[in-house]
Every structure is written in C-alpha cells, then in structure tokens.
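Note that the chains are named A, B, C and D in the order they appear, and that numbering of residues resets to 1 at the start of each chain.
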Amino acid sequence: MTNATRPRLATIWLDGCSGCHMSLLDMDERLIDIASVADIVFSPTVDTKEFPENVDVTLMEGAIGSDEDVEKARKIRSRTKILVSMGDCALTANVVSMRNLFTVEDVLARAYDEPGSGNVPEPRPGESRAPKRYVPKLQTKARPVHEVVEVDYFLPGCPPPADAIHYTITELLAGRAPDPSHLTRFGR
Amino acid sequence: MTPDELSQLSVEERERQQGFEHCLNVCTAASCLSSGAEEVKKGLTTAVKEKGLREKCRIRGAGCMGLCSSGPLVALDPEDVLYQHVGVDDVPEIVESLDTQPVPRLLCDTTIPFFQRQKKIVLENSGRIDPERIEDYIAVGGYRSLARVLTEMDPDEVVQEIVNSGLRGRGGAGYPTGLKWGTVAKATGAEKYVICNADEGDPGAFMDRAVLESDPHRVLEGMTIAAYAVGATQGYIYVRAEYPLAIKRLRQAIKQAQRLGLQGDRIYETPFRFTVDIRLGAGAFVCGEETALIASIEGGRGLPRPRPPYPANHGLWGCPTLINNVETFANVAAILREGAGWFSSIGTEKSKGTKVFSLAGPLSRYGLIEVPMGISLREIVFDIAGGLPDGKSFKAVQTGGPSGGCIPARHLDTSVDYESLRELGAIMGSGGMIVMDESSNMVDVARFFMEFCMTESCGKCVPCRVGTYQMHTLLDRIYNRQGTKRDLELLSELCEVVRETSLCGLGQTAPNPVNSTLRYFRDEYEERLVSDGVRGPSGDPLAQVEMTP
Amino acid sequence: MTHKSIPTPDSFTLRIDGTDVVAQVGQSILEVAQDHNIGIPTLCYLEGLTPWGGCRLCLVEIKGSGRLLPACSTLATEDMDVTTTSPRIERYRRTIVELLFSERNHICAVCVSNGNCELQTLAQEMGVTHVHVPYRYPTLLVDSSHDGFRLDHNRCVMCTRCVRVCEEIEGAATKGVGGRGIDSMIINDLNEPWGESDTCTSCGKCVSVCPTGALTEKGTTFADMAKRRERRELLPYLTQTREGRR
Amino acid sequence: MVVAQRVQKVSHPSDDKRWKIIDATMRRAGNDRHALIETLHAVQESFGYLGDDALRYVAKRLRIPLSTVYGVATFYHYFTLKPPGEHLCVVCLGTACYIKGAPELVDRVSARWNVSMGESSPDGKVTLLSARCVGSCGLAPIAVVDGEVVGRTSPDELVDRIERLGNDDA
C-alpha cells in the first residue's frame, strides 16, 4: 500500500442480529468524516459481492455459526491486515451460543418442525422440513471469531456503542492501538 | 504389659517358630493374591496336613516380597529359597521336596541385583512375618523401640532423635519430619492429634498399601512414638476404602495391640495413653492434601483450606495435629532402634535413609522396591528392574504421578533425592515410578495425568477447577492433531496461572506433567500441531498498514 | 470493630504497596486494605461471611512468602510487606476471570443482572475484552420451581456466598454444593427443586448476595436488579449478626 | 444452629433389618456429625448404594442438613446414589494399566452394554466403574469383575468374561 491510496475499510455481518451494524450507523455524521479519509470497500451497507483483496481494517460482527461463516472468516482474515471483532457475538458467541446447549438436530427441529414453528401444514412425524440445500450447514457449536481465526482487536458490547466503534476506527486510522475498554462492557 | 513381658513374649515366640523345621512364607499381598496366592496357600496347608507334616512345617501368609512380576511367590525359611510363579499344581512337588533339593524350575535367583541392590528399612519385615499376628512382629523386635521411648526418653529427646536422623516426609514434598514434630510438640492445645495419611491416591503407586498389608504394627508403633513425642492421645489412620485388605489388617492390628496393652490407657504401664482409630477415605485424591484430609476426617467434603494456619497449629477440630504419611511412620521405630546416626549415614547429604518405590511398566522385573537415597535412576531401571525386555528401548521414567514429571534417558544418571528430582521438573512423590518405552506418546501421558487432576479437582478454587479442564481440552486437541501453535502457547500460560494461583498442592502441581513433557519432549507436541492458516500477518498488525491518508 | 488509623494496644503496622498502614489484631490483609481504601479485587468474599478463598482474585504478594496468598483469608501481621498488584498478578487475575467466563454460559446481553453483575464489572475493570480459552458451553438447567426466586446455573460462578449466607446467617442450610470439580453445582437440600424444599425459609438472602445473575427474584427487570445491588451494600446485618453470635 | 444434646427419635425408613447396622455405626461414633462418612460407608455396604430414604434418615439421625449430606455423598466418587447393576466391572485406570491399554477395555465394555463410565447399563446388567490403581500394576491391564481380579486381560476376553456371567444367571 502506498501513501497515494486511501485506507480500505470493510465490515462484515456473520451470525448475529445486525445490531452492531445499527450501532455503526448510529455514528451518524461521523460516518461522513470517516468516508472522507477512507474507502469502505465491503459492507452490508455497500453493494459489493466479493470480499476484496488488500483490505486494511475489517470490523467483523457475529459469531461463527455455520460452515459458511468459517469459510468467510478465513477468507477475510487472509485478505485483511487488521481484523477487529465487533460486538459480543463475535467476541463470545453471545446470544447465538444459546443454541449450543442443544444439538443441531434439535435446534433445526425447533425452528422448522415443532408446533409453533410456523410451518403449515405441520410436518409428518419423522419428517423434517429443515432445509437440506442452499442454506449453510450449522456447525455443532457457535463460536467466537477468535476461536477460528486470529483477531487483532476486540470491541465488546451488545452492541458496542457508536462512540466505541468510532473511537476504534479513528484510532486505527491514526495508526494507534485502540483500547476501547473505557467505553465498552460485555453485554452493554 | 511391661517391657520385660514384651521381651519374654518375643523369646517365646521365637522359640515356637524355631520349633518348625520349615516355614513356607506365601506372599499374600495384593498383587500375588490377584494372581492366585490364596489358592497356593490353601493348597500348601492342605498338603502339609495330609502328609502329617503340621508339626514340622509352618505355612505362613506373609507380606509383600517385592518381585510382583514373578508372583505368586513362596519363600522357604530357613533354606533361603524363593519360588516364583507358583501355581496350585506346583504344591505337591514343593511339599515333596522339602527335605531334599528345591524344585529347580520354580527357583528364583536371589543373587540378582533386584534383591542385592535394595536396602530394606521400611520393608525389613515385609514378606518375613505374618502381618495378621502381633507375635510375629514382636518376635523380630517389634514394639521394643516404643518400650525404650516410653521408659527411657523424654518427648523432647524423641523429637531431637528424629531431627538428627534427617528423616523427611515420604508423602512427596519432603518436609523435615523432625521439624514438623517439634512444631506440634510446641503448639498449645487442649487436645492434639496424630494422623497417618494412608490415602494413597497416586495412580500407579502402592507402597503404602504394601506396608499396611505386610507390616501394619510397624505403622502403629511409629504413630504411637510420634504421639508420645508431640503429646497426643488420639490418632487416626485415614485409609482408602479401596484397600479392603489393608483395612482388615489394620483393624486386626489395632485390636491385637489393645489386647496386649500397647494401645489404650497406661501403655507399658506408664501414664501415657494413645488410641488409634481408622477413618475410611471414599475416593478423593485431594484428601491426600493435609487440610482436605482433616476436613474429611471431620465428616465433610474434602476441601482444602488456605494455609497458614498450618495443621501443626490448627488442624483437626482446630487442634494441633501431626500428619505424616505411612512410610514416614514406618521409619520411626527403626530410627529409634538403630539410632539417628545410623539412619543419617544412609542416603545423601540432604535426603537420608531409603525410599520405597512401586515400580511398573515394560520392565523385566517390577514390583515393590526399597532403595537407599542417592541411588541413580539408571541403577533402578537397568540393574534392579533388569532393563526393558524384548528389545524395547527406554524412553522415560515417570515419578511423582500427577504431581510429578517424566525424566528422559539423558538424565538417567540423576541421583534419587528430593532436590535432584525437583531440578529435573519431577518430584520424589510418594513413590510411584513408571517406566515407559517408545510406544508411549508423551502428549498422551500428559493428557492422562491432566484428566486425573481434572476429575480429582475438588472444585473449590477457580484456577484448578476450570484451569485443569481447559488444559485437558487443549491437550486433547493437540493429541488429536487439532491444536495450533496458539493452543500450545495458551497451554503454557495456563500451566503458569494454575501453578501459581491454585489453593492447594493438587492444582499447584497439576501442570508438572505437562511442563516436564514440554521440557523434554517438546517435539512430540509440535509434530502434532496443525497450522490453521488463518493467522494474521505476522508481527505488529499496526505496522502492516500505513494509515496516514 | 476496627478503627482506621488510631493506634490502640491491639494495633500494629504493616506495609501495603509501600505505604505503612495500621491494622488491628485479627484483621485479614483484605480488611486492612479496605480500611485504607486500597482496592483488591474480590468475588467470593463478602463482608460478614466466613472467607472462602476460592476465587483467587484477591491473591497478593507477601515479601518472604514463596507463594501468592489470598488477602481475604490471610491474617495481617506486624511488619508484613504486602504488594497488592503487579503486572504478573494482574495477568493471573485476568486469566481467572476469563476462566470463569468460559466455564458456564454467561450471556450478558440477555442476563437480568446485565449492568449489575460483579463478574461483568471485574472483566471491565481488568480490561478483559475477550476470553482466550475455549468456551465449555455446558448444558445447564434453570430452576424456576420456587414461587419467588430463580436459580440459573448458567450464570453461577460457584462463589458459595449463597451457601454460606444460608447456613451462617439464616441458619437454614438449604443451599449446599453437590458434586465436585468442574461438575460442582449449587443444590437445594438433596438436590431437589428449590420450590419443593422444606428447609428454605424464602428469606431471599441468597438472592441478595449473589454476585451474578445466578440467583434472581422472579419478574425482575434490569432496573430492579440495580436496586437489589444497592440493597446488598446495605447488608451490615451480616457482620452484626455474626459479631453478636461470637 | 441449635445442637441437640440427645439423639432424636427417628424411625427407620422401612422394616429392613439392615437399618440396625447403620444405627450401630452411628452409635459407635456417638451419633456425632463427624460420623457422616463412616455411616455412608455402612449404608453403601449394606444396601449397595445411597438411596434417597437412607440419606434423609442419616441426615435426621446425625442432625446434619440435607444439603450437607448430599454434598458429602456426591463429593466422594466411592459413593453411588443409584442402585448398581447385576454385575460390577471395575476397570483400573492407574498409570500402568493406562499405558497398557485400559482405555480400550472401557471402550469395549461401554459399547457392548451401552453403558457410560460410572453408570449402569439400561438393561441393568452391568455397572461400569473405574479405579485409580488397584495396586497390582504387575498384572496390567486389570479389570475387577464382581470382585474377581482379571489381570493381563484384553477387550475381547473381558467382554466374554462378563457375558458368561450374564449367561450363568439365565
């Protein structure tokens, strides 16, 4: 990377509720300040299909819940210089990990087959309506991102406050190691 | 009973025993029993009876003879013949040959180093007396030290004698025994207690069991002398429920001692009184830890508590309490009989006397041995045990069980003493010694011991409760070729935290098997690591990016 | 009762973090430190209950002692030289907090104690941003059988405050610890549903002393939990009850 | 806590004669709460396990809180709270047995009777337990089947041994 190019930022949403991205948007006009000094090259808020090479900073929301998440996390890690786990799901698997107390089969049955799952007509006994194709396969347990790939910085919170996200990005852009602990806490 | 009456009893018993022309000692310790010694003993008894030799031959169930790999063993006295691998079918031949030449095919060579290189103090009577008869113990000089102590010595003198002997705790840590006795003797309390720790929980160790099964009175005598020295009137033996034979023999021994006035009020008709009761453990390794053991005797969960205060001042029911292990007490009568100078002439400068080891693994000969401190590991493995058979090659020797470490071949010339073993990252421990050949994987061995610590953790303190679980998870990962370099780093970090912050010895030493295998066999860990290929760019992440727009 | 700095016949001095402080005979290092506003992190400790020494967060260095010792259960003695913190101790404390997070299912975002939890606060104070060790994700149950209270094993850190307050203050001894090691659990009576306990007096002390969201009042919200925390700080009766009984 | 000076009159949970053995154990220890572990040993020896009724009875007689009795009974692995199966298979997992293949013994027995360590099989035939060194390392690997030591055994031999016991019952 040369001085001529602007820093390339990305955000990604894995197994989470997108709340961290909502909080990111809560930076409001400060987003414009960031956009004036850096390019946002990939994000749920940006219309790019393929995660690009040579990204400087990626904020990763969500836990690793499916095979696809593992694949994405690995690809992103290999294309990103600084990876930030954003929010409790990425850090601890958080709410997503509540399914870890059950087997994947039970979780799918609860979602697709049991009364109240919304499926009409109700599936016949012994038959599951859980999708067999197109939907990524769930891993046995949802895990924090750093159990799958190396993570450089951590941004706790459910979701992390916009101030904390802003602080982390601007510190990184200024070439400093962010320590957002004065702004964050698990679960907040 | 008076000391004179004891001498009288001793003489009478010896005369009675000399009345027999032959005495056949059948090893009836656990290992020989499980390979059929009881049947052999029954067979011999019947055969002798049928032949009308009952007046001439004594069949005696004796304690452990040590060479468990050749059991069942039968020793002939006074012929000094040892038979090995004896089966019921061999009985007629043995009885037939009593007045002629011994049966050649059963003979065990007693000139081999296994027998010649040992030095027996704790096991001096083991395999030579009937552990179920107090008279047998008295005949070989038993309870004479106690008589001398009670009638000729002050408690202070007894403590001093133990101090001078240089005896150190045989439970593993090697704390000077005399110092401990002195502390309890000086402590003030309405009541004082003496506890014998027979909760031998180290997997692969059976020294204490053998001593209790082979020579229970020896332990009782040692405890009684200790009680006199520190001023206690009540003693407890905390023994594992998993040792039914040891429990049975101890119960018997206590009854016999009471019958002869060697326990209870006015022992040897002096004002001194002392009673020993048995308390059964119930399967909790942590109860080997002093404060947990006390909690268990008090009837509760075996949870350790922070020390200080130490049990010597604040122990059982808050009273000053002396806790020593079986082997420590088993040394006491001999020290007082032969003198501190004699004892301290054996061993090294800082580690005096002998140590009993239970030796296991792929060895030509294994079993229970007693060796002078300062002997080298090589002498134990290659002389006493006769090396590894079938062309197997030596890889490591594990001492100290779950609190100890694995010592590789290049340190085989290390002297067996407390300090040298600790320097190698192992410990003396209570005496389990397991030899491993090339077929043992050291990550697996570390995982085995960690699994042990994890299931035996009492759960009171966080680092041990969760740390041993996490270390086991990481070891399991690495062993199954799923661990990364980061997992190995994490394992080392946890080793440090658990060692430094755990409440009691169990947690503090739980990382030892990992640390020692990492130290000597690191390649076995590293060759199993997988590269996950998802680490970030190496080095400082910030340095990777030039952010200034 | 202790007096902060007035020398009495029963007082002596020791050093904590390089400063001479006055202590009373019988005080633990932690008590002395608290009297002098020297912060030492704690979790299982609660004033008025017998020190437990299990969480290991209050470990301090004492000059001349080879091992770190728990401040809560180590008596202060004359001329003792105590260091309450160092990079090494801080690293150990952080790891211990991480181990606790990994042990059970502490999902702060959906926990009724979120924002009023001592474990959460400790993590924040120590700068724990993530847990290095793998999470266990054990399958644990929630006991909602009691009319007024709930026991959620997922949030329990096994500090045994509830066990001690139930036995030492309330005198009911309903709560205990079953199993051992990593399988240890808070139990009621013979491990039966809380609501079926004949011995529980429903006094609620266990709920008041719980540092996390393991013991809660039914129907409580985040705001109620904040109130509960205030109430816990007003628990001098714990000390008084014990003083009175001695 | 109020400590009663005299022993409370507590009636036996059933007419079973074995309760007298339990009473005798407690009496020998002066019905003191310190006798809890000794008493639990007596219960397990007499009944094979620590049942709910037994725990309640002992708690009342020794005046110990139920939670404490349960805590002690579950702390020590020697005690079991469930009735044992018809046959008891104890596999030694001491170091010597471990390195000589004891884990395979466990795996095979566990697979054959669908029984996990420390539990009884669903058909009630086999209880599988582990021991930490039975002290006969020379015979490794070792299992103890219904009290009888089976030394230097193999997974096949051990399974066969237990199966034959089962057949003898039929």
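One rule holds in what follows: a contact is a pair of C-beta atoms (placed from the backbone, for glycine too) under 8 Å apart; a residue touches a chain by one contact, two chains touch by 3 or more.
This one's a predicted model, so the numbers in the text were calculated from it and none came from an experiment.
A.B. asks: What chains do chain B and chain C have as common neighbours?
C.D. replies: A, D
A.B. asks: When the contacting C-beta pairs are counted for A-C and for C-D, which pair yields the higher total?
C.D. replies: Looking at contacts between chains, A-C has the larger number.
A.B. asks: Need the most distant chain from chain D, centre defined as the mean of C-alpha atoms.
C.D. replies: A
A.B. asks: Using mean CA coordinates as chain centres, what's the chain C-chain D distance in Å?
C.D. replies: 35
A.B. asks: Please report how many Å separate the Cα centroid of chain A from that of chain B, as a whole number.
C.D. replies: Centre separation, chain A to chain B: 56 Å.
A.B. asks: Centroid of chain B to centroid of chain D, CA atoms only: how many Å?
C.D. replies: A distance of 25 Å separates the two centres.
A.B. asks: Quick check on chain D: which residues sit in contact with 2+ other chains?
C.D. replies: 68, 71, 75 - these are the residues of chain D that touch more than one other chain.
A.B. asks: Where does chain C touch two or more other chains at once, residue-wise?
C.D. replies: 132, 134, 177, 179-180
A.B. asks: Among all residues of chain B, which ones touch two or more of the remaining chains?
C.D. replies: Correct list: 284, 301, 455, 458.
A.B. asks: Would you mind giving me the full set of chain pairs in touch?
C.D. replies: Chain-chain contacts present: A-B, A-C, B-C, B-D, C-D.
A.B. asks: Would you pull the chain C residues touching chain D in the complex into a rising list?
C.D. replies: So the residues of chain C touching chain D come out as 163, 167, 171, 173-180, 187-191, 199.
A.B. asks: Give the list of chain A residues in touch with chain B in this complex.
C.D. replies: 1-3, 6-7, 37-38, 56-57, 73-74, 77-78, 80-83, 148-150, 152-153, 172-177
A.B. asks: Once bound in the complex, which stretches of chain A touch chain C?
C.D. replies: Going by the criterion above, the answer is residues 85, 88, 91-95, 97-98, 100-102, 141, 143-144, 146-147, 151, 154-156, 158, 179, 181, 184-188.
A.B. asks: Sort out for me which residues of chain D touch chain B in the complex.
C.D. replies: Going through chain D, the ones touching chain B are 32-38, 40-41, 68, 71-72, 75-79, 93-96, 98-99, 131-140, 142, 149, 151.
A.B. asks: Quick check on the complex: what are the chain B residues that touch chain D?
C.D. replies: 30-31, 33-35, 68-69, 71, 201-206, 209-210, 241-243, 279-285, 296-302, 358, 360-361, 366-367, 398, 401, 432, 434, 436, 439-440, 445, 448, 452, 455, 458
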